[in-house]
Every structure is written in C-alpha cells, then in structure tokens.
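These notes open a run of structures that come right after.
Across the two complexes that follow, chain A remains constant while its partner is chain B and subsequently chain C.
== the complex of A and B ==
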C-alpha cells in the first residue's frame, strides 16, 4: 500500500521534474560545457580549456559591465525594496481604496519591459523628449542631461525604469506577508501608544523579514540577468556604458558569434547569482 | 530506499537531458538532427494530408503590414504558398527587422537552418556559413534554374556576397544614401544650402541660435552615424582606395580614417548633431528630428522617406553633402550604397533530391521580375536589373533613383568588416565617438585593435 502511494507521488512529480531538467538544468550543464570551448555556432565546438575565462576576465569592458550590474543590484536592493516595503506598510494600514492602489502598483509589472523601454526612450530623448522640456519649463535647465548619450548618466537612465516597473512585484510579495501579521498585535501596539514608524520598524518589518529576503533574492537574481531595458533604450551603449552582464553576453554570443565566450559570461552570471543568494540566506540566518 | 530511488530518477533524467541537449555539438548528432528534421517534415506532410509533397522552410523579415514593402512582399509570398500547396508545403518563418539575424544565428547553432532565407551580406555575416559549406553559390544555382541567370544582376551587386571568388547570396534590396535638406528651414533663416564645410559651419551657428539641429544624424548600434562618417571619409585622399582591401590587409588606421574621425569629432564639438545621439540614432529614430523640422539636413535612404511627414517632404531637396576642406573626391561625384539584403539557399536543401525541384521553383519565384517590380513600387530599390515603370513608382523613390544614377557607388565600410567582432567594435566605437565618450584617435585605435585580433 505504502509502495503504491509512493509510485503515485512519483508519477505526479515526474512530468514537472523532466520539464525542469530539460529546460533549466540541462541548459546550465550545456552552457558550462560550451564555456570551455571555442565555438562560433557552426560545426563542432573545440575544447580550449579555461581560455574563455581568461579572455573574459582580461576584458576591461567585462569589469565595467559587472560594475554596471552591481549598481543595478544595489539600486534594486536599496531603493526598490525599501520603497516596496514602505508602500506595503501604507497599504496594510488600510489606506482608503488600498485595493485600487495595489492594482495600480502592480500594473507596470504586467507590461512588457520592451514596451516600457520604448516609452522611456521617448521620455529620455534629450532633443525632443518631455523630461528636458519639463526641466526647461520649471526653470531648471542646469538639470538637463543627454539621458541616453551621456556616459555619466546613461546607466542610471537605464536602471530607473526597471526599478519603477518592479516595485509592484516586490510589493505583492511583501504585502502578502504583512497581511498575515496578526492584527491584534498591531492594535495592541496602537493602544500602547506606538507611533506608525515604531510599528513599522519594530513589528511589521521584523515579522515580514522572510518575505523581504525572498523579494531581495528575486530582485538580485533578476538584476543579474537584466537585459530588456538596456537593449531597448541604448543597445548597451554608447560602447558598453549601459550594458549589463546579460547584454554583454548577448552581444558576445549572438552579435559576435562567440558562443563559447558568451557561455563563459553566462556561467559567471550563474555563479554570482548562486553566491549572492547563499550570502543573503546566510546573512538572514545569522541576523 | 525512497531517497535512493528519487536520487536515481533525478540523476537519470538529468543525464538523459544533458546528453540530449549537449550532443548536438558532435557531427554524429548533427546527422541525427537532420534525420529528426526529415522525420518531422514527413510528419508535417502527413498532418497536412499529403505525404508525397516536399516541405521547405523559408525565413524572412519583411513581415507585417506597417511598411508597404513588407505588406506587398508578404502577400505575394502567401499567395504563392496557397496556390502551390498541392505540390509543396512551404513553412514560412518570420522575424521582423534585424531579429532575423538572431533567428538565423540560433538556427545555425542548432543545426536547423531554414532551406531558403533572407540575409545580410558581408564577410562578417556570411563568412562562417560559406566556410562550412552551408550555402549554395550563385553559379551552381543558376546552372539548375529555369529562369534565373547571373547576368540579371550587375557585377557590383555581388560585391558584398563574394567570398573566395564565388557569390553566395542573390541580391534583393539595394540602397543608396544621399543627403537631404529641409529647404524651407534654410530659407526661413536666410541661408543657402551649404556646399562647403565652411558654409556648413556658418549655417550651424545660425541654426544653433534658433534651437535647430544642423545635421539630424545620431548613432545607435552605428546607425546611421556610420553613413555620415563614410560620407566624410570617402572625400579624403585614400578614403576610398585604402579601405577597399580592409578584408584582406586589415589596415583600418590610415590618414584618411583618422582625419575623417577628427572631422566627426569637430562637428560634434560644434554642436552640429542632436544633443542626444543615442536617442536620435538607430533606424527607428533616424528621422525623428528632421520630420519635426527640428533638424535642417540628414543622411537619407529610400526607406526613410516613409518616416518623414508629407509637409516636410514637400520642402525637402536632395543635394550633395558639403565638400570638406581637403577633399580629394567631391561628394557630388560618388554615391554610397550597397546590397542590404539578399536571398541565401542552403546546400542541404538544394542537394536533397526530394526538395530540390520545389526549392528551385520557389527561389525562381522569389527572384522573379514580378517580385522585384512589386518591390520597386514600394520605395525599395530592386537589386536586379529590371525596367521599372516610372509612373508606378513612389515619387520620392523615382527622385532618388534619378538623383543617384550614373555615379560610382561605394559600399559603406560596415560591409567591409571581415568579422562580427570588427563590425561590432566599429559600430560601438561610432556610438561612443558621436556621444563624445571617445575622440577620433581613440576610435581609430580601438577599431584597429579589433582588426589586429582577427585570426
């Protein structure tokens, strides 16, 4: 009887397991294999040991792109998550019409990033876009920039829309967790004279911390593979000034036909993702 | 026990999947892939109710109805597919614009190239496919074709598809670049259309005072900054001759390329381009400022006319780009142009006795005068030698043909890049130079370094 039950469970698990293995696990192994080969996408890959990794790590552009990616990770963790947490708390405190607000916050998440990217490329246009015009109207011309051409600001221009778009995503995760907090506890805190900040910092955030960590892990791994905005807005340019690791990988593999080298960049993205996830889990545990 | 069985199952499914996924690298598995494709095709034939007819795959990017060219082309193709469905099963695979390049590269890596496909010329695009014997050369095809002959195209149209003395792509769309001016803007500010660089600088001062961009050219992915760079470069002494052998001698850094880069930087510093060169670069935004009368002149190709509003078009004139101070060749004496897209046929399909006849019939249709005439009516310059009825042509297309006729045409440098690496470095470098991130010397050095790395 026990055995039958057991096979029944396996029968249910197998389809998902096979699909996951074929479409997720297998490509990871394949990429790792290709990362040790010289392959232009045609014919057989030729093993070249760790040459691709030496080439990748000796490229100045790789380090620049990695730095850009870390900036995006930093912005996601230190800007997007705090905003999502604060907004979740405001919704939790039963702002009137909170369901409408929650829907509005979530709407950008369901829009294709490429569409948002194209919309922002119009906003950002330094010559014909509305941002510089508004700055002119507000008599703030010193704030005008060439948002997509100035190498000093272009990364921030590319980072901003994705932070904005995915606030709703983090919000939904964190808000769901906050909703599970016992309301009597919050009411007691109110009665005991705790102000909103104290309730937020001492009760709500600690009790939602696990969900916040999940949101952080998701935004960090999402940032490490970020592609759409950089490609839609600037194609990673000028040069690689606004490229992230995924764009750099795409350019290497699909534009330059260096699939082996591109795979080695993919493997580094995977390693960073795993390392950062482990690090955050450990920090969470020790915290 | 439970853990053991689960572990075995997990490991087994992973090993099977990994072997399945990675095995396409070996030549045996390429053969296996091909067998799989044939099985799939047979299955498709059975599904379509006719197991005897061959199946061929055609990939193209002129799809959708937004562009008249795409609409006309796609309609003719779908009509052909429909009318021949009893004798051949044609699978149409579309990817719009430059996405086709990604599609073909992915298909290539998967060993699953379409039988016939549109593609771009140049060694960087075709080189590795030709090296691996994947494409049929033009003469081999013509020897078997019923209607298509090599002489139906000018020799010059095969320039960017010739590798090791053979041509591997039938030219379909040709293009020529020329300079257009919004005459009304020049008149409004009491200016003449500039014929020299000094006059251009004077115009620029006036336009800048009134918030108008003088040259509406940006650079995103090299588009279309590379055309302006080449327009200046080909005027310089050695600019044309020294760059013709780029694919052989790999000598990019020359006096001409450096001097042209210096001029591009100087024009940038004088504020002749849009402030935001990335935002106003790329194909999609090429005419953004010009069509709003916010730019006085720009480099134009036939397909850009559809992005310019009629009011501005009515005040537009074509005239040569201003002559630079040390010009050895004046702009009025040359055109810049090439073949943008052509038709490639895979060796595998061509040599397959089951599909060969159907492939030839279909390709003969794709290269027929009927198709090229239809394209000619939609502001596309047909690469094949056909006589177009001027009364049926798009009026701006007719003007462009007349304006660019009877002058030698030189290919933009981008088509002379020997590898994808040099092409990308060149495009990225142009973006940086136009945006002010690097100067002319850095740009030339960067591109030369990419040439030095070519094996």
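== the complex of A and C ==
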C-alpha cells in the first residue's frame, strides 16, 4: 500500500512540478548565469565576469530608467494608496449603494494593461483625444501639452494610466479590511464626539494598516514589472525618457540582442523586488 | 444649538462624500464610455468633435476590425488559449494541491511551489524564450498555453492547498474504508469540496490569460496564432489615425472581461484579492 501511495503522489504531482521547474525555477538560475556572460542569443554564452554589471551601472540610461521606475513607485505609494484609503473610508461610513460604487471602481482593474495603454494613446492625441479638448472646455488651454512627445511630461503621461487603473484594486483590498473593523467601536467613537477625521486617523487607518501595507507591496512590485503601458504609449521614448526597468530590459535583450546584458538588468530587477518586499514586510511588523 | 448645526454639517459632509465617490466612479467609467461611443462614430466625426455622442449606432467599424483587420482571428485564438490555459491550470494545480494536502504532506515541496509567487514573470523572460526555442515549441499554440499555465501554477497551488486543507480528513478515511482509491477520492471528494477555491483560481487565471501581452509578444510571431492583445497593438500601429476602427478593436478586447466581471463580481474580486496575499 505504501508503495502505491508514493507512486500515486509522484504521478499526480509530476505534471505541475515539471512545468513549474522548467519554465519558472530553472529560468531564474539561467538568468543569473547569463548575466555573467557576453551573449547575443545565437552563439554560445561566453563568460565575462561582472563586466555586464559594470556596463549596466555605467549606462546613464539605466539610472534614468531606474529613476523613472522610482517615480512610478512614488506616485503609486503617495498618490494611489492615499486616494484609495480615503475613498475606502468614505465608502465605509453608512454609504448607500457601496456595492455599486465598488463595481465602478473595479471595472478598470479587469482590463488588459496593453488595452489601457492603447486607449490612453488615443486620449492623449492632439486631434482626436478628449484630454486637450476637455481642457479647452474648462478654459484651461494653457495646460495643454504634447503629452507623449514632450520630454518634460512624458513620464507622467505614462504613469497616470497605471495609477488610474489600479486605484480600484487598492481600494477593494483596503476596503475589505476596513469592513471587518468592529462596528460598535466606530459607533462608540461617534457617541464620544470624535469627528470623522479623528476616527479615520486614530481608529480606521491603524486597524487596517496590514491591508494598506499589502496594497503598498502590490503596487511597488507591480511598478517594477510595468511594461505594457510604456510599450503601448511611447515604446519607452523619446529615447528612454518614458522607459521603466522592464522596458529597458526588453529593449536591451530583444531589440539590441544583448541577452547577457539584458539578463543582468533582469537580476537587478529581481533583487530590487525581493529587497523591497522584505523591507515592506518589516514595515508591517513594526506598524 | 447643537442638533441643527450638526445636521447641517452632516448634510454638507454627505454631499462632499457622495460627490467624491461619484467623481471617482465617473473618472473610472467615462474613458470606456468614450471608447464605446467613438466606436460607433465615423472617423471624421471623432476628429470633428471627440466629445460628441454618435448620431446612430453604426457597427461598420466592428465589421472592419473583425474581418478586414482580422481581430476576429486574434479573438478566437485568445478564447482558445484562455480556455485551455484555465482548464490546465485548474487540473494541474488541483492535482498538486491534492497530493500536498492528502497524500504526501511535504513542507519542502509546498515551499518549493510557493517560491514562484515572489518571482516577477518578466524576470524569466529571456531564459524561457531560449528554452522554448530549444524545445521547439517557440511560436506554437501549445507552447504558449504551456507557458501561461506554468506562469499561473504557483499561486494556484498556494490558494488551492489552503482550500483543500480545510476539507475534513474524516471524509477521506470514510472513503478509504469504502474501498475508494486516491484517484476516486480526488474527483469524488476533493474536487467538489474545493469548488469555491477552483472558482477563485479559475477567474484569476482567466483574467491573466486573456490580458497577457508580454509573453505573447515574444513567443508568438506567426500572424495566424497571435492573441487579442497582440491584435489591438498591431491595430494601433497600422491604423494609428483610424480612431473608429481602433476603438472598435479595443472594445472587442475589453468587453468580454468586463461582462465576465459584472456577471461574476464576487468571484472576480475574491480571486484578485486572494492574489493579493501573494505579497
């Protein structure tokens, strides 16, 4: 019997195990190995030590792209999360039809990021796009820009749709946690004469802090993966003015055929991602 | 004084509250509404006044996108990939989760599977590209399905394991006494009992498969097998000034998931937030 049990276990777990090992785990080790080689993807990789990392870190564009990515992280953490937190709170307090609101907020979340990117490429357009037209209507024509070609604003133009799309996502995560706060506690705070702001800052935010941190981790790791928006809107341009790390990695590996160099960028992304996750979890424990 | 003042403040507060909530709802919804309306307009009408509503509901842009630009082919491909991807993910992950919770409770193996949750997918992009070529499944339908399946397995195993853990062990023992083999236990007990978990994974996997772009972009080069996300991206390149067709193509890509979301809201939100624990 015992023998049959193990045969069954092996046969049943094997398909998942093989796929997962071959396409997810092995590639992580391959990436790390390639990152120490010079390789164009055709011949065989040739070891060249840490040369790729020296090249990566001495490229001005890498720092620019890293800075763009940090800007995206910053916007997500300091714009998206606060908006989502405040609106969750508004939704929490005796709001009629909160499910209807939640539905509206979540609609963008289920749409393909590449579709969102293409949509905004139309919105930003000077001829057919509604954005400049709406600014005209509001008598704010001085705010009009060439959203996707002006180097000064292009990063923000690419960041905005991502914030916009995922406010609802953060909101739903935070809202679910706020809903589980004991109602009597909020009621008694009301009776004690606490105002909404005090209730928000002293009770609701601290009590849903864990969920807020989860939402923060998600937007941060999501930012490090951001590819589709930038690719759909500007292909990272002009130059690398609106590239993020993933776009830069893609261009290096698949456009310039520098697989070794691309892999070393990949490794830096993995390190940032893991480091930030650990950092956030610390934040969680102390908070 | 108190009461009246308080009530007035309350009314103002409510106005601000519903105003803010309504404004965000509008901001979230209007862009899609604009694309929908534009898809019914003629291109000249969009250029003349982007904000105007269409005079009539003209579906010719949809026909053009579906047939002439062949978004239809992309659409059907994505239906095929998503359906097979979801089925494979559900099947393989529930088999693995069954073994991990009922047959061989290996902590090491469980840990190994959940490790993948932390790995950002594009970090494996370059090696998977090479591996797919080596295995001669680069630029094939089956290769792409295998890849999106692998990419979703880790989280699926993680979530399903926690569901299957909560199925009482006594059921297994009873089944065992009745002469049930593991295989029968799997599909007679574990699968039906884990149905909410399967629904969660299924919705999450469906969204991931349908919305996937980067893997498809790199792995599928043949026009006949490209996905809907590739289709609309190509549309933007070729028809960058034909906004009506572009909007129709966008709606074809967007509407299925939106309808799915509205129909299965609780599952979708549940699935997406179950994905949240992956942090």
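Assume the second predicted complex is superposed on the first by the 257 of 287 C-alpha atoms of A that agree within 3 Å, B and C clash if a C-alpha of one lies under 4 Å from a C-alpha of the other, contacts with A are read in each partner's own complex, and residues count from 1 in each chain.
As a convention for this text, a contact is a pair of C-beta atoms (placed from the backbone, for glycine too) under 8 Å apart; a residue touches a chain by one contact, two chains touch by 3 or more.
Everything numeric in this text was worked out from a predicted model, so none of it was measured.
Engineer: Following the overlay on chain A, give me a clash-or-fit verdict for chain B and chain C.
Structural biologist: In the superposition, chain B runs into chain C.
Engineer: Just chain B (first), just chain C (second), both, or neither: which does A:127 touch?
Structural biologist: both
Engineer: Once the structures are superposed on A, label A:158 by its partner contacts, choosing first (chain B), second (chain C), both or neither.
Structural biologist: Neither: A:158 stays clear of chain B and chain C.
Engineer: Who wins on chain A residues touched, chain B or chain C?
Structural biologist: Comparing chain B with chain C, the partner touching more chain A residues is C.
Engineer: On the A-aligned overlay, A:199 touches which partner chain: chain B = first, chain C = second, or both, or neither?
Structural biologist: neither
Engineer: Given the touch rule stated above, what does A:22 touch, chain B (first), chain C (second), both, or neither?
Structural biologist: It touches chain B and chain C both.
Engineer: Applying the document's definition of touch, where does A:81 land relative to chain B and chain C: first, second, both, or neither?
Structural biologist: It touches nothing on chain B or chain C.
Engineer: Quick one: classify A:251 as touching chain B (first), chain C (second), both or neither.
Structural biologist: A:251 contacts chain B only, not chain C.
Engineer: For A:106, select first, second, both or neither according to whether it touches chain B, chain C, the two together, or no partner.
Structural biologist: So A:106 only meets chain C here.
Engineer: Per the contact definition in the header, classify A:218: touching chain B only (first), chain C only (second), both, or neither.
Structural biologist: Only chain C; A:218 stays clear of chain B.
Engineer: Tell me which partner A:259 touches in the superposition: chain B (first), chain C (second), both or neither.
Structural biologist: Touch status of A:259: both partners.
Engineer: Among 3-11, 237-245 or 255-263, indicate the stretch of chain C whose C-alpha atoms run into chain B.
Structural biologist: Once both complexes are placed on chain A, chain C clashes with chain B in 237-245.
Engineer: Taking the contacts chain A makes with chain B in one complex and with chain C in the other, which residues are shared?
Structural biologist: Common to the two interfaces on chain A: residues 6, 17, 22, 25-27, 30, 34, 41, 121, 125, 127-129, 254, 259.
Engineer: Of all residues in chain A, which touch chain C in the complex?
Structural biologist: For chain A paired with chain C, touching residues are 5-6, 8-9, 12-13, 15-17, 19-20, 22-28, 30-31, 34, 41, 83, 87, 90-91, 93, 95, 101-115, 118-123, 125, 127-130, 133-134, 137, 164, 167-169, 172-173, 176, 196, 214-215, 217-218, 221, 224-225, 227-228, 232, 246, 249-250, 253-254, 259, 262-263, 266-267, 269-270, 273-274, 277, 280.
Engineer: Quick check: in the complex, which residue numbers of chain A touch chain B?
Structural biologist: For this pair, the touching residues of chain A are 6, 10, 14, 17-18, 21-22, 25-27, 29-30, 33-34, 37, 39-45, 121, 124-129, 146-151, 154, 234-235, 237-241, 251, 254-259.
Engineer: Going by the contact rule set out above, which residues of chain C touch chain A in the complex?
Structural biologist: 13, 17-18, 20-21, 24-25, 27-29, 31-32, 34-35, 38, 46-47, 50-51, 92-93, 95-96, 98-100, 103-104, 109, 112-113, 115-116, 118-131, 146-147, 149-151, 153-154, 157, 182-183, 186, 207, 210-214, 218, 229, 232-233, 235-236, 243, 246-247, 250, 253-254, 257-258, 260-262, 265, 268-269, 272-273, 276-277, 279
Engineer: Give every residue of chain B touching chain A within the complex, in rising order.
Structural biologist: 2, 5-6, 9-10, 13-14, 17-18, 20-22, 25-27, 102, 105-106, 108-109, 128-129, 131-132, 134, 213, 220-221, 274-280, 282, 285, 288-289, 292, 294, 419-421, 424, 428-429, 431-432, 434-438
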